[in-house]
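Shared chain: chain A. Partners: chain B in the first complex, chain C in the second.
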Partner chain A sequence: MVSHVLRRALRAVVTAAGIAILAFLVLHARSEEALSVLAENRGVRGEEARAALRTSYGLDRPVPLRLSSWIGDVARGGMGDSWSHPGSSVARVLFDHLPLTLALTGSGLLLQIVLGLGVAAVSIQTRGTWKDALANALALAANALPEFCVGLLLLWPFAVRLGWFPLSGVSEAPWEAGGGTLTTLLDGLHHLALPAVCLGLASFAAVARLLRVRWEDELGAKYVVGAEARGMSRARIVWGHSLRNAAGPLCTSIGLSLPGLVGGAVVVEQVFNWPGLGRVLVDAIAARDLNLIAGANLLLALLVTLGGMISDLLFAALDPRVRAR
Partner chain B sequence: MTRRLGWGCLAAVVVLLALQPLVAPYDPRGVDLAHALERPSKAHPLGTDGLGRDVMARVAAGAWSSILVGLVAIAVSSLVGVGVGILAGAGGARVDGALSVLVDVLLAFPRFVLLLNVAAVVTFRSAAVVGMVIGAMSWMRTARLVRTEVLTLRERTYVEAARAAGARGARVLAKHLGPHVSRLVVETAALRFSSVVVAASTLDFLGMGLPSESPTWGRLILDGQSYLETAPWVTLSAVLALGLTAVGLTLASERRPGDSRRILRRIPSENAP
Partner chain C sequence: MGNALVLPGRGQGGRGLAAAVLAASTALAQACGSGAGDAGRGGAGAADGSSATPARGGTAKVGVIAEPKTFLDWAAETTVDSYAADLVFRRLARRSSVSGSFVPDLAESWQTLPDGRTIAFQLRRGVLWEDGIGLTASDVRFTEDRARMPEASISGYKEAIESVEATGSHQVVFHFRRPDPEMLAHAVLGHVYPEHLLGSVDARDLQTLPFHRRPVGSGPFRLAEWEPARYLSFVARRDGTPGERPHLDRVVMRIFADKTSALRELEGGGLDLLFKVPRETADRLASRGDLTIHRVPTHGYVFVVWNTKRAPWSRVEVRQALAASIDRKALASRFEGTETALASGPVPADHPWHDPAPSSTSYEPAATAARLTSVGWRISGDGRWLDEQGAKVRLEILVQHGNTVLQDTAAVVADNLRRVGLEAEVRQMDLTTLRARVEEKGDFDAALYSRPSTAPVDLAGCFGSGGAENYAKLADPDLETMLDAFGRETDLEKARETFVRAARRVGELEPWTFLYYRSETIAASRRLRGLEGCLPNVMECASEWWIPKDRQ
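So, the complex of A and B:
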């Protein structure tokens, strides 16, 4: 088991490194394009000043050399200096914003599972009727809508018309404004609610559909007939026995949905002005801060691949048949 | 029912496109500051935006731009996907191994974040370029599907029979595997179209796609978001157009369990019942 975990972890890290290097090469193969924007933003004119700017960011060196020095920076833990946050290392900027992204994706994931379970349960209970078809169509529609459309369709009624939720972001450092831990927490949740619901709505369809199919299969199994013959209640069969058997493969499906979830979070953070990693990435791209972009890529890739690893291990822990392999 | 709902959504978009030249024959880029942020009226069925541009004309122009992006992107992704898939499926174990690792690595990362990386170093000037870039990043699932199809089909007896009869590799590919592969590509086209249009709109929404004056759905939604409280029709019209397109394409391509068999029957092979 230990060697299985280690091997899986190694694969996750290698995959993340592969993605980060690939993205690094894309960025640096066309760094002149980025340099033009940098020069324009800083009001730098003339070829000489441009060359000085190029040297100061190390963009005059050949790409393989830049890559090797970046890998050195990553190994030292700082990931180099951020160009757009003077005096701050890339790692510092990223880790400042990481908790907010974890909170958003974590609660989005939770809602994805809850919504998926709910819709699958409705489908199972109303199999073959129009309610089943409607539940399926709603799941598909929510999945097909881009995250920012879902976000705006939530913002307009609930934040603008009804005013139940704030229009954007987190309050400026609520812990400094006074009030206890509880107030801070409630305030945070109040701001988190709409973005998390948005992320959950945009991604629950896969869970709902997979669970519905698996659950239906399980309900047709012989042990269900046996349990019914012994007089077990329908609810206990559906929710206790068959759900547990059906839920195992869900872990894999959730692991596979992580890239979409993290990509969705990047967009949701823009819509709701939620200052997480996604905003850092988008701002870094707007400022052409290649160092910060590369760092954000690496961290997001690690988030996705290690998350996938955890979901696989969870599956193995839940299902002894998988562990045996 | 699901599919009829999908066709309904798509029909609504087509009706909007057909009506626009009749009821709102404005230039989508025509600024008219005297009539900025007007409510929907007879003169402007969907109102006007912050610069007095007609929202309906802009939504329609956004639709045409999305259609162009979508067509280019699915053409590119189909070509690359089929090419890579056939290469992996028929090119031997070593090629297959290398390509499969590449596909796995690319699929392990949010495609959208990769797209953002490219947007950092490419200036998009036309919808066709956006389509090409998105297409170049959306071939992985097609490649995987095609690879699996080629791997299973080449072991079939009818392929063996064709080989025994003296057919060369290229002929087997074109005559015997081609119909199956093209069926895969055609069947998934609507869904892929929806996903690339969504990707392009999201890019525009983040202000990283086409230049700011181009009328695209994403740009319309971004511009309108600041007036969400005072003039919601700007954003909501574009949200509705994009939403109806994406949802319509997805629902319309939903298949009932028996459907794939009906399609297969048109292709003469041992797959047909």
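So, the complex of A and C:
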């Protein structure tokens, strides 16, 4: 098992590295265009100024040399210098923002699972009734709305009108000293609530539908009939045995939804002014910060491939048949 | 009023939003020839007329869209960089919107020498950098030398300066290439940086300097905390300039992804100050009792660029006819709320060398037909103009996508032109593509641009054949002769005469049709006082802000 995990992890890293290198080459193939934007942003004109900028950003070197230099920077943990954040390495910029994106994506994922599980459970219990139809309709409606719509629909009543939740940001007046760990944690969760709900709402329908189908199949299996015949309670059959078997493929599905979740987080971060990786990436693209874009590509590719690996391992943990295979 | 005037240097026009704001001290007040002017210190009267005694303490929260990238003018890209630098660093002098003159900052006095090309500053003694080292003339000289590096954002605004020398520990002399009525504005543009920390840094290493994130300033505040993409916290210095401690304890710069989020926070009480509030929103906010809206006219303007290298716009008569078809007063009234915002040329009315004769053609739609007929055009049966070859005349106006003011202005201009029989369309595109088509390829009929509020008046840069901002691709021999003469002139009065003649020639040629001046709208919480001293560049006098005790 350990060797299997290690092999999967290595494969994930190699895949991510391949994606990142390819992205680096594509980015630097258009480096003169990036230089134009960099010069424009600085407001400098003339060939002399442009040449000086080209040198200061290292764009006077051939692309293969830039790539080997970048690989060396990655190996040293820095990922090079950020052009749009002078004085900061790419790694520092990314890891400054990564925890916030992980918090948002993680809580969005959790809500996605909880909401999906909840809707699927209601559907299972009320199969064929209006409650089943309503639950599915609401899930589909939420899924049909883009994240920014969901975000604005949450912000207006709960933050603007009722004031139950903050309008934006990560915490309340953090520049003011005071407040213990618990206060800080609760304040953080208070600020995280709406963005996480937005992300979860926009994506739980697929989870609900897949789980419902799988769950229904499991509830029709022969072992369920046997368990009922042996006098096992309905609740234990539904929640203890059939759910576990139904949840296995769901892990893979959740792994596949990770890229979408990360992409959705980019939008949610804009709506809620949540300073995560998504905002960094959007700003980096606008500023043509090639180093930061390449670093972000590598990091996101790693997160997604490792996330997929973890979901597959979870599937194996839930289903012994997969482990045996 | 003064505006930075760059004598034709034939070099970089160097725009950059940061440099434009750094020169914002020239926007509203008269230039001083010499002397210290008024100190401009002390709290301004409270907006509600209550007690004007500044109270100590409190935290002001300023909203910015986008995160500052650096505190160094040389690498600055946006106005937000300048806002942050204003808190931590100082300038030689700054404009007072109360008196209209320059008030001392790092310089306690200055004198312009009789040759009209030299200005000498006496620096204030006892000003300390945050590390305890004293600020001297060497710091000013070093800063000016670095500001004139080709890749520096601010270099285009320093082109008029030939050299800067430190003639004593606290005496600095600026030598200009030519007589310049705005020498003081050019000299004081930008902040002063510490030579002892940055002097040995190679230009190639400027990008990676830790100084970008951990500045060591001489200003009223120091950077205490920087949470990426969230906020910067500045605390008042107790050891800065003798006798000048800010009233506030802290200024927090809160970072927002977009204007909508920032406006929500402003209305919710989470901000005390927000810049560039959209006009429609400002009108709505003005009715609130807890906010004050400051609308300040600037020298930034909106204009139409005609491609003088493409027929039929290459003909002066055609450009004049089209310009006469645009109701600029109506545009000024619609977009700025007053006809007085009408822009008449490249030299603002308050400039010492302003020529009262307007540089843009006045609105005479009835005369358009005669003008166009005179060049061989005729009206077709469906009321549309046909050129000399009988082809329907079509005009495409390019405009930046996402800038709603410019987009709406372009739509109105196109409508004005359609009313006189021209087939005019507006095409939106992203800024990079727009600039590539207009400035690099010259592939356009007309484009709608806006000029930053204090971009220098630069006839050569904008209308000379080698000018970096000659978007219209103008190349008029008479104008070139005048600009050449202006560039070589050493006598101030003769330079003025030549300049005025050149400006009139630009008006005759109509490469640009000047539409209206823009205003800056700032929304401020009523609890934040002391802003009136240097509108619209309020960050420069953050040391004068204060909050009443009962509102802290």
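Following the convention adopted for this analysis, the second predicted complex is superposed on the first by the 321 of 325 C-alpha atoms of A that agree within 3 Å, B and C clash if a C-alpha of one lies under 4 Å from a C-alpha of the other, contacts with A are read in each partner's own complex, and residues count from 1 in each chain.
Quick note on the criterion: a residue touches a chain if its C-beta (ideal position, glycine included) is under 8 Å from a C-beta of that chain, and two chains touch if they have at least 3 such contacts.
On a predicted model such as this, the values are computed, not experimentally measured, just so you know.
Contact with chain B, but none with chain C, is seen for A:281 once the two complexes are overlaid on the shared chain. By the touch criterion defined above, A:160 reaches both chain B and chain C.
In the superposition on chain A, A:53 makes contact with chain C only, not with chain B.
In the superposition on chain A, contact of A:86 is made with chain C only, not with chain B. Once chain A of one complex is fitted onto chain A of the other, the partner contacts of A:311 are absent, as it touches neither chain B nor chain C. Contacts of A:123 after superposition: neither chain B nor chain C is touched. Of the two partner chains, chain B is the only one touched by A:297; chain C is not.
The larger set of touched chain A residues comes from B, when the choice is between chain B and chain C. Once the two complexes are laid over each other on the shared chain, residue contacts for A:273 go to chain C alone; chain B is not touched.
Once chain A of one complex is fitted onto chain A of the other, the partner contacts of A:242 are absent, as it touches neither chain B nor chain C. Residues 155, 160, 167, 270 of chain A lie at the contact with chain B in one complex and at the contact with chain C in the other.
For chain B in complex with chain A, the residues that touch the partner chain are 1-2, 5, 104-114, 116-123, 194, 198, 201-202, 205-208, 221, 225, 228-229, 232, 235-236, 239, 242-243, 246-247, 249-251, 254. By the touch criterion given at the top, residues 36-37, 40-46, 48-49, 52-53, 55-57, 81, 83-88, 93, 96-97, 155, 160, 167-170, 174-176, 269-270, 272-273, 275, 279-280, 283 of chain A touch chain C in their complex. Contacts from chain A toward chain B in the complex involve residues 15-16, 18-19, 22-23, 26-27, 29-31, 33-34, 130, 133, 136-137, 140-141, 143-149, 152-153, 155-156, 160, 167, 259-260, 262-264, 266-267, 270-271, 281-282, 285-286, 288, 290, 293, 297, 300-301, 304-305, 308. Listing the residues of chain C that touch chain A in their complex gives 11-20, 59, 66-67, 69-70, 72, 75, 77, 149-153, 155-156, 203-204, 206-214, 225, 227-231, 233, 250, 252, 254-258, 261, 264-265, 268, 270, 432, 435-436, 468.
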